[in-house]
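In the two complexes below, subunit A is the common chain; its partner is subunit B in one and subunit C in the other.
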Partner chain A sequence: MNGRRLAAAAAAVVLIAVPFVHRDPYHLHILVLILIWSFAYTSWSMMGRFGLTSLGHGGFMGIGAYVTALLWNHLGISPWIGIPASLVCAGLLALVVAYPCFRFRITGHYFALVTLALSGIVLQIIIASRDYTGGSLGYTPDRATGSALAALQFDDKATWYLIALGVWAAGLLIWQVVDRSMARQALEAISEDEDAAAAAGINVTAEKLKITVLSALMTALAGGIYCQYQMFITPDTVSGISVSLQMVFAAVVGGLYVTLGPTVGAVITILMAEALRIGFGTKGVGWDNLIYGVLLVVFIIFLPKGILGSALERVRARLSAR
Partner chain B sequence: MLVVEGLVKRFGGFTAVNNVSFRVEPGEILGLIGPNGSGKSTIFNLLSGTLLPTAGSIKFDGREIAGLPPHRIINAGVGRTFQIPRPFRRLSLFENVALAGYFGQNRHSVAKANEAAERALGLVGLPADRAAKVDGLGAAGLKKLELAKALATGPKLLLADESLGGLDEKEMDQAADMLRRIRDELGITIIWVEHIMGVLMRVVDRVMVLDHGEKISEGLPAAVAADPRVIEVYLGSDAQAAQAVAAGRG
Partner chain C sequence: MQDFLDIFDIYLLEAVINGILLGGLLALLAVGLNLIFGVIDVTWICYAELVMVGMYGMYYLVSAFHVSYWLAAPLCILLVAGMGALLHVLVIQPLLSAPPINQLLATGGVLFFLQSLATVLFGIDFRNIGIQLPVLAVGEMHFSYARLLAFGAALVAMVAVYVFMTRTYTGTAIRAIAQDRQIMALMGVDARRIYIVTSALGGALAGLASCLLVLQYDVHPFVGLSFGPITFLICVLGGLGNFVGGFVAAFLFAEIISLGGLFADLEWGYVLAFGFFILMMFVRPAGLLARRS
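Moving on to the complex of A and B:
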């Protein structure tokens, strides 16, 4: 696997060099978005790949963004503390929702429905408490008067690019660590047959809880970073059901069983949304969601391993045929 | 080693297991037989924690295990196989067994789990080849895998559920010998559930017969096979065969 390490190192050098060579702010903006959403989709796939289909991750992302912004605006707490605090909130919420589900064997479609409700509830809370959150009109963290670093507010796109790159790379690293652990095998076994997994001595509830909380923490981090980068959040763009569905769609399209699958999904969905925005302007509002829906059905039927997953499988088959 | 008292399991109005009590002594093989639907598998599911008992007590090594979650019971030293093999098809053959070795024994060490997997695979006669897949196995192979997974968890008591379903006569004999070897060589106590009496009678030390969730007979194989109530349940023919086997082994 030395060749693979070399390729990863080369890719890292190229990715880090980008903002020093290419300074076009629009392109950097798109790249930052791709990196942040890639991280969010990777976070979703951490559990999604084991058949734990959550439609509630918009809720965790929303908590990451809103808790961070609210703590800053109302209490003057720096995002350096606010983001970890939002992670704690998201982790606790994940525990509260997931524990009863796993304890009482709510799986598959029923689990998806419970998490769908979670998405909706977080969205409603944000909208209902509009005096604090700005409701559906959105919310803007106050501009820092002191140190930009302390407030985690940078105007420079290159800085954000590097931050997003680091977070994204950390996400891939976590994926790899989980992938090589016994927890992965346990979760594969659980996704196939919970009783048989329990008979192998696996604490089914605990293993599922661990990956769910990890996934929720990572998703909330994506929300916090997104909030600090965009400096403007609305319930529809960082929370709610549409964000949750977007995560499912991108992960399925890219391929949720391979490390870079969710990243490929993010590249495709974001470029598609941008192309529609530029090509059709306001006339195309909502078209991307329509296309997502149609493509999701097509992919689940014809390419369930996603674009990258299927491509890698084909390459491997060709290599072993030689 | 295992003391079960007044075990009851009701599903709604249906009583699947009705006030069953029995003991298992260390090092013995207890046969648990009965017609389909007599409550054998339900008792297994109660012993292994897959189902919660409605009433009664299950003491393993003096410790109450009734109501514990399955993984705690496995960790305490009670391994089980399923009537229909339930392999993890997304994992390799070796990974299936190593997984049970890792989580089944409270040690959680990959090296020890691999060791346990190699030993268990060798014992049941499956290759310890890391590349082997589950998909290549036939009915007999899947039964062996099921047994290897249970052994890898390091049980003191093994619950073997209808191990011989779907096997031909020669494979049945081999499987029966396997269970005896597991007891003789590893000192593992076994409860063996079957609905065919013949082969079982040759290997077990004692037999317990269930019908409609109740214990109707218990004792040495020859005595149980001659019990009129058992003969009635088994319509005579199978019981006669069992009597012949029991008599033959002296």
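Moving on to the complex of A and C:
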């Protein structure tokens, strides 16, 4: 245990030191993207690992990004308030949709399809209210005229790297806390057999709601941070079904049952997309998703625990065999 | 005032009838998906993408190779039916014993694959098959023949599926296996074969839908996203695997979209439909026509 802590501390020092040693803006940009998306994928896996497969997280992410940007542009409310406000919206939406689902025991296929409707509804609302949101063409938060800190707009990649690193680390910490809590035991029991779990005295609806709202809040935060970093959002990059599926894909490839699995998934998917973009330029359009699609199928069939999950399992088996 | 009312009513009536016509098409899509779900217990998230492939097939056969529409349509139905069977053999079969959600996610991978394949092969341009059917004018209302044809063909196809399911041996076996998948193997029904036949049939229905949709809409790689989600909602609202429920839900949704589009933008029609769906999940979580257990 002590060795693990030491390794984690060493990793933290290295990760924090990166922008001070290596200042290449392109590399930092890729790292920031990896960290933000890792956080989003981790948020999805928070509930995904307990068999609550949501296809609605694109909706939560879209709310995080658009509410933050809209409050800033139309009402001049700083993202420091705007992001928490967007979290509240996403949390409320999660409650409104998830409560009847859990209360009436909508699980599995049904849950996935109901949450799919949620992604759809958020996407359509963003597109339909194009007078305010810019519709499919995308939306840009106005440049700050006053303090950059108050507007949460920084031109410096290193600053963003540190912010994203902090958010990502907080995500892992939340994962660890949940992992060690009673809630985890309860949720695992629920994912095995709801009736048995209820008979054992677990409040099934409440436990599922808690993790769902937590997951939605984290996803909306990822959306808000992404919006502030990129300073340009479109309905297709932060919300909708493709984004939801992208989260599922990365989490499954990395391994959704282990802490760093979604992060590994983000590293693989983003590096692959970048490599294709650089290698093939505009000719490569579409190829990244083509490969994602095939990989997703292959992984679900042959390696459902993901790359990191399967690797860790093998290491553990070898250790215990000794 | 009287003039205003007259105009208003005609638009309203036109929207209502257009809603019914749209409902026929949505019901056709829902039948295919419900068939797959009811029999194999799998949700094809990529169902609308199969339709998209069929639409590209129609587009290329008709406008690039100048095949007549009536010859191209059966070819496309066969093509998509084959894809349905292939999807089952390659993706679903290895996952039959896995948790159902894995099957759903795997077809999500197929969705990505088909969308990007179309992007890579055909580019992201909107393409139109270039067949202009005349518009039928009744009084001051206008209905396109494309929609009427789609509605008629969808109804005929649904009746055909019904007859197939109730009057043939294979259809009976399909219905039986949907009821109890363990016991049917003992009765000498080859479940593997039945699953493949069902998948091909589901694919054929998607193929038929693509032949009808291509007359009304442009083809592009993401066209599936514009009616895929709505099809899933219809199936869930009707109760997954419940044909009659899906049928009713399709017309309900189509009316909401059509009337919503009359009073505001088309997107708001969709928003209303989605909102209605979530509301209905409170009221009837197991589907419109579900029996309370």
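Note that the second predicted complex is superposed on the first by the 322 of 322 C-alpha atoms of A that agree within 3 Å, B and C clash if a C-alpha of one lies under 4 Å from a C-alpha of the other, contacts with A are read in each partner's own complex, and residues count from 1 in each chain.
We take it that a contact is a pair of C-beta atoms (placed from the backbone, for glycine too) under 8 Å apart; a residue touches a chain by one contact, two chains touch by 3 or more.
Please read all numbers here as calculations on a predicted model, not as lab measurements.
Aligning the two structures on subunit A places subunit B and subunit C next to each other without any clash.
In the superposition on chain A, A:106 makes contact with subunit C only, not with subunit B.
Ranked by how many residues of subunit A each touches, subunit B and subunit C are led by C.
Touch criterion met: A:290 reaches subunit C, while subunit B stays clear of it.
Judged by the touch definition given at the top, the superposed model places A:273 against neither subunit B nor subunit C.
Once the two complexes are laid over each other on the shared chain, residue contacts for A:151 go to neither subunit B nor subunit C.
Once the two complexes are laid over each other on the shared chain, residue contacts for A:97 go to subunit C alone; subunit B is not touched. In the superposed three-chain arrangement, the CA centre of subunit A forms the vertex of an angle with the CA centres of subunit B and subunit C, and that angle is 80 degrees when rounded to a multiple of 10.
By the touch criterion defined above, A:120 lies against subunit C but remains apart from subunit B after alignment on the C-alpha atoms of chain A. Subunit B and subunit C never share a C-alpha pair closer than 6 Å once the two structures are laid over each other. Touched by subunit B in one complex and by subunit C in the other is not one residue of subunit A. Interface residues of subunit B facing subunit A in the complex, by the touch rule stated above, are 48-50, 69-71, 74-75, 79-80, 82, 86-91, 95, 99-100, 102-105, 108, 110, 113, 149-150, 153. The touching residues of subunit A, counted against subunit B in their complex, run 182, 185-186, 188-189, 191-193, 195-205. The part of subunit C that touches subunit A in the complex is made up of residues 37, 43, 91, 94-95, 98-102, 104-106, 108-117, 119-120, 124, 221, 225, 228-230, 232-233, 235-236, 240, 264-265, 267-268, 270-271, 274-275, 277-278, 281-282, 285-286. Those residues of subunit A that touch subunit C in the complex are listed here as 51, 53, 55, 96-97, 100-101, 104-106, 108-110, 112-114, 116-121, 124-125, 127-128, 240-242, 245, 248-249, 252, 285-290, 292-297, 300-301, 304.
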